[in-house]
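The next part holds the structures, each set out as structure tokens.
Two complexes, one shared chain (subunit A), two partners (subunit B, subunit C).
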Partner chain A sequence: MRCLEAFTHLCAIGMFDNQEIEILTLDTDQLNGNKAKTENLLELYSRIKTSESGPKGGTPNANTFFSAKLNLHRFWTNYSGSARANYKSLSKLAEGSPEKQKANKLVSDLFLDENSVQEFNLAHGYRAQTHLGSHLMYHAIIDSARNLASGTNIETQDQELEVFMNKLNDAGKLGARVFVFGSIFGGTGASSIPVLPKAFQDFIKIRSGGKSTLDFSKTKFGSTLLTEYFTFKKPDAKQMSTKDDSVIADSSFFPLNSQAALQFYQNDPTVQRTYKTMYHIGWPIESKKMGDEKESSTITGGEKQKNPCHFTEMVCACAGYDFFTKTSGFDVEKTEYLYKAIEFKDNSFNVNFNDFVGHENKAGETFANRLGALFSLAHIVLTKNEAAFSTDEKAGMRAFITQLEQAKLPMYSSISNEECAELNNYFKSFAYSFDSEQFHPGWIYQVRSTVAPGSFMFDSKAFTSNPKELKGLDVGALFSDTQNHWPDGGFMSDRYNKFVKTLIEVSPEDTQRVNTTKEKFMAHIYNAITKSQNFIN
Partner chain B sequence: MTYILSLIFAAFVLLIAAVISNSIVYEGGVNPKDPGKRKMWFWILAVLNPIFFYVIAEFVMKPQKVAEAKAWSAALPLATIAGFIIYIILGFVVSKIFKNGKLGNWF
Partner chain C sequence: MPEKSLKALAIKSKSNPPGRSEYKWDVIPELDNFTKNIVIPELGIEKDGTAKVDIGTIVSGMPTVYARANLFRNALDTVTDKEAEVSGLLRFYLSLINEWRGLISCIALNYKDIEVQRVKLQYSDGKSIFETENVYEPLGAFGNMLFERKPLWCDQTLAVNEEKIPFIDVITFKGQVIGATSPDSFLFTSVGYKITEKLPFVDVNSGKLTDPRLSDIQPEQLLAIHAFVQNMINKIDPFKNTFNNLDNFLRPNYSSINRNLVDWLKEMDDLAASKGWIKPSQKPGSTPEVSAFLAPFSILFNHSTELFGVEGVIYSEADTGRVSFKPSELLLPPTTEVIQFRFGGDAEKDKNFLSVQFDDDQDTITKRMFAEERFYRDEKNTRDNKLV
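Let's turn to the complex of A and B:
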């Protein structure tokens, strides 16, 4: 889910111009904290794009923030109630004729440990039991198709899955691209990656009564092969004493899981046939510990699971960018595996913009410009215009609009305080927020902390959490490279002063395809920051 | 002559007001005070303009010859008032011409 969070931020910085992207979140744990956070972020993104006069979720734009239109669909497996709580009950091993029961038991016992894997509570996911997970995820999707076909036991998640599948089926006829985010060492993601193309194909077959299918030569699948990059508290015997928790993922096995999974992905004929490109993404140094050491037990999922974001997830999102934008590499017989290394020297990483999206067609510069622009805007809104420190509705984006009004540019005055608050909240998720005196790092702060003290494109001062330092921050000097600092403005001026002058001079352009007031406003700011950052765009 | 000097003086003071206004940086934040400061300086100079002009004209620039001095002193109050009005009119016009810039904060 955190890869999707990173992907959403890539959309917010404007990396997917003119695109409408259908997003399906797939999880076993509907209450999972990270899932809720990501879905909330996607909904917020969509509300930001929405305006009274336009369609829900807005329209795709170009060369501006929030340029892609994102449509969220959610599917989650239903493991609530005693009849669906674990493999044994879900598979109805105790039902049917004695011969059938015996056969089912034999085949289950062959692959799944009877007292642990068959009996742990599935509500918090597959707990690194990928053999079980693949089987159950495929089952859940097929079960949903059958329920929809028969018109019985249809639940919200089935309907949302069907909307997604219908769009996939339609787009697949013309040539669609599907990118799957997930790790290969954990539970749900690792279980789902191998079976998803086949499950989607079979879903469409069932729903169309065999009349339609998913052609893998037209619908191209790509995925991440994300190996271990975090660890968490080891479960103790006490926590594992109950049947429900008889299996708990143990992060000490993640390297082994990753190794086994990579061998599987290298050799599995279904994967080779269904995936065009796989991006092997790993973490070359000791994995970072997630979660609170003070927690009495290992958090297996649920609302409490809100792990911080990591650099590798950002790289996964960039892999998605590569897959969606590349123009070749799809006419392969077998899966192509891609990887890339970044410099790790003197015990620290050295990351530059080209490491994320390459430098073809100046993609690295575009990425730098857009990420830098949104980061600058976040600091303007949160730091300069005080949205992080004040609950006043005049703070943040509203202050920006007021500034333009004072310059006799009232064209954005109709943007409501509520809409401004939504933008403020987005920037809090992106950069940082304060809860009273407590500092909460947002996505980019969290990502940066995983590569600190190494260089991460921006000056380390741009990531300060000290309120005093924040208030004195020069929002026009966030880049490490001084070439991309905003012009200093000269005698008796400063960078922000010069920026506002630029803001007054520029305006949205037709090529940006912006229609609503809010879209024009974002495009206007984007143009001013782009001009100030001195990137050729 | 007094009227011409008053006009030149008003234009000069307006130029000072413009320089001061442009040197006041955009602040941002919930309650930015920069537009208020620009307006305040415009009006401070609007008040100072006739005072300074009157004082300078009366005590520094006044002709030595009695007849000329009499005429000068007679015209000075009206020229001072004219200078004040011209300062405001010019300020208004300049403010409207550069309405999207810092000088737009004057009116």
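Let's turn to the complex of A and C:
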């Protein structure tokens, strides 16, 4: 889910111009904290793009913040109630004639440990038991299609899945690309990657009564194969003593399981026939520990599971960018397995803008300009206009708009306080926030901390958490390279005041395809920051 | 300006791909080596220095319900040097190879205790995934999970117009499920079996099957296993040929298995030599007369000696006029017990004795048989007393 969070921020910085992207979240654990956080972020993104006069989620734009239109669909498996709580009950092993029961037990016991894997509680996901997980996730999607076809037991998640599948079916006729974010060492994601193309294909077959299917030569699948990059508290014997918790993921086994999984991916004919590209992303240096050491037990899922974001997840999002934008590499007979290399010095990665999206056609500079622009705007809202320190509705984006009014730019005054608050909240997720005196790093702060002490494109001062330093931060000097600092304000002025003057000089352009006041506002700021950062001449 | 040092943003491996292209996504060169050499932390001993980790229970990262079967194929493909020091997944693979050899030995030595039950991987109500009542029913659900590999798990020896349904032949030993057949690795063991009997192919500590070379094996047992393995090697090609009609990408490659079995024969010779026995390859034993397996796995595992007879004389070589026959088909089953009826001196004197008896009513026959039995028991007692 955190890869999707990174992907959403890529969309917010404007990396997917003119695109409408259908997003399906897939989980076994509807209460999972990471899932809720990401879905909330996507909904917030969608609200920011929505205006009273336009369609829900807005429209695609270009060369501006929040340029892609994102449509969120959610599917989760239903393992509630004793009849669906574990493999044994879900499979109904104890039902039917003695011969049927015997045959079903024979097959189950051959492959799945009877006392642990067949009996643990599925409510918190597959707990790194991907052999079971892939089996159950495929059949959960098929089950959903069958429910919809028969008109019985239809639940919200079935309906949301169907909307997604209908769009995929329509897009697939012309040629669609589907990118799957998932790790290979965890539970749900790792279980789902190999079965999703077939599950989607069979879903469409079932719903169309066999009249339609997904043609893998037209609908192309790509995926991340993310290996372990964090560890967490080891479960103890006491926690594993109940049947419900007889299986708990143990991060010390992640490398072993990653190895087993990679061997599977490079040999399995179904994977090789359904996926065009797989991006292997790993973390070859020491992994940081996640979670609270004070927790009495390992968190297996649920609301408490909210892990911090990592650089590798951002690279996964960029793999998605590569897959969606590349123009070649789809005529392969078997899956291609790709990797990326980054400058490494003194046991740390030094990250350059070009590392994310390449450097051909100045892609890296475009990325740098856009990421820098959103980061600058975040500091304008949170730091300069104090949204991070105040709950006053006049702070943050409202204060910035008021400042523009004073600078003879009154056209954005109609943006409501509620809309300003949504933008403030987005920037808090993106950069940082304070809860009283407590500092909470947002996405880009967290990502940068996983690379530190290596370099991460921006000056380290841009990531300070000290309130005093923040209040004195020069929001026009975030980049490491002074060439990209905003122009000096001159005598008795500063970069920020100079920037406000630049806002007066620029305006939204037709090529940006912006219509509503909020869209024009975003495009206007984007243009002013772009001009100030001096990337694009 | 010194050249930048690039590092692959990949899982730590002793064969990490080189940082050759800055900024670009690049194809992983030598993917097999990269994966094989992934660095695995030592798992054998817990931090307290006591409990050993059962790697079999923690390898759960292969996202297919057929992981157990796939792991055996990977083990056979990956472990090329059984004597090399290994760790992590390779150590687990080595233990799987031992189990695999243990299962082969079990079939060779105790084939009378083996039963093979074919389980068809289709929903028990005979309906498709679209219509069946319980889509999660293991029989059908496991069949679904074969996806593109489904044809490989069907009997290719069936006629073209017969329905091909994937199957697994489940192997039980004295009633306990211990493994099954697989077109990838011929055999694999199940996840949870435990054999408590002391047998040469069982690790008494774990209850798992193991290479009998690691146990207290007898010369005649070694001969039987050697002969059985040699027979398997001879049958690999005919077995492989049954898959010739499949697409290229599905056709199995048994070179690793063949290599492993050939190595095993040599290891058995070495063991015999170390114990001062005649090497099995120098004086091969008889191949065990296994008959439990169904087609196509019968090609690999079943064996019946072919002999040739003419005018009451039996030969092992074919020749003009000699009629071939399989002793296993003519002889009584191995479980047959021989009983003897003795009717005493009257029977020796009267050639019509039996027909006379059958003319009697049942009661008379029974009485007579008891009388005969008493007579011989008394006679035996008298003889035994004289001996004393």
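As a convention for this text, the second predicted complex is superposed on the first by the 536 of 537 C-alpha atoms of A that agree within 3 Å, B and C clash if a C-alpha of one lies under 4 Å from a C-alpha of the other, contacts with A are read in each partner's own complex, and residues count from 1 in each chain.
The definition used in the following text is that a residue touches a chain if its C-beta (ideal position, glycine included) is under 8 Å from a C-beta of that chain, and two chains touch if they have at least 3 such contacts.
Worth saying up front: this structure is predicted, and the values here are computed from it rather than measured.
Trainee: Specify the outcome, clash or fit, for subunit B and subunit C once both structures are aligned onto subunit A.
Mentor: After superposition on subunit A, subunit B vs subunit C: fit, no clash.
Trainee: With the two complexes superposed on chain A, say which partner A:Ala260 touches: subunit B (first), subunit C (second), both, or neither.
Mentor: The second partner, subunit C, only.
Trainee: Have a look at where A:Ala399 lands relative to subunit B and subunit C in the superposition and call it first, second, both or neither.
Mentor: A:Ala399 contacts subunit B only, not subunit C.
Trainee: For the overlaid complexes, name the partner, subunit B or subunit C, with more touching residues on subunit A.
Mentor: C
Trainee: Figure out whether A:Thr312 sits in contact with subunit B (first) or subunit C (second), or with both, or with neither.
Mentor: Touch partner of A:Thr312: subunit C, not subunit B.
Trainee: Going by the contact rule set out at the top, does A:Lys211 touch subunit B (first), subunit C (second), both, or neither?
Mentor: Neither partner.
Trainee: Does the superposition put A:Ala407 against subunit B (first), subunit C (second), both, or neither?
Mentor: Once the two structures are laid over each other on A, A:Ala407 reaches subunit B alone.
Trainee: Could you work out the angle between subunit B and subunit C as seen from subunit A, using CA centres and rounding to the nearest 10 degrees?
Mentor: Nearest-10 rounding gives 170 degrees.
Trainee: Please indicate which partner A:Lys468 is in contact with in the superposed arrangement: first for subunit B, second for subunit C, both, or neither.
Mentor: In the superposed model, A:Lys468 contacts neither subunit B nor subunit C.
Trainee: Once superposed, minimum distance in angstrom between C-alpha atoms of subunit B and those of subunit C?
Mentor: Value for subunit B versus subunit C, nearest C-alpha atoms: 38 Å.
Trainee: What residues on subunit A does subunit C touch that subunit B touches too?
Mentor: none
Trainee: Quick check on the complex: what are the subunit C residues that touch subunit A?
Mentor: 4-12, 16-28, 31-32, 35, 38-41, 43, 55, 57-71, 74, 78, 88-89, 92, 117, 119, 121, 124, 129-130, 134-139, 141-142, 144-145, 147-149, 168, 170, 177, 179-180, 190-192, 249-250
Trainee: Contact residues on subunit A for subunit C in the complex?
Mentor: 90-93, 95-96, 100, 103-104, 106-117, 128-136, 138-139, 142-143, 146, 149, 184-185, 190-191, 193-195, 198, 202, 205-206, 210, 227-228, 250, 252-253, 255-264, 266-270, 272-273, 279-284, 312, 315, 319, 322, 336-345, 349, 352, 354-355, 358-359, 364
Trainee: Help me check something: in the complex, which residues belonging to subunit B touch subunit A?
Mentor: Residues 23, 25-26, 28-32, 35, 99-101, 104-105.
Trainee: Inside the complex, what are the residues of subunit A that reach subunit B?
Mentor: Subunit A residues touching subunit B: 380, 384-386, 390, 392, 394-395, 399-400, 402-403, 406-409, 489, 492-494, 496-497, 500-501, 504.
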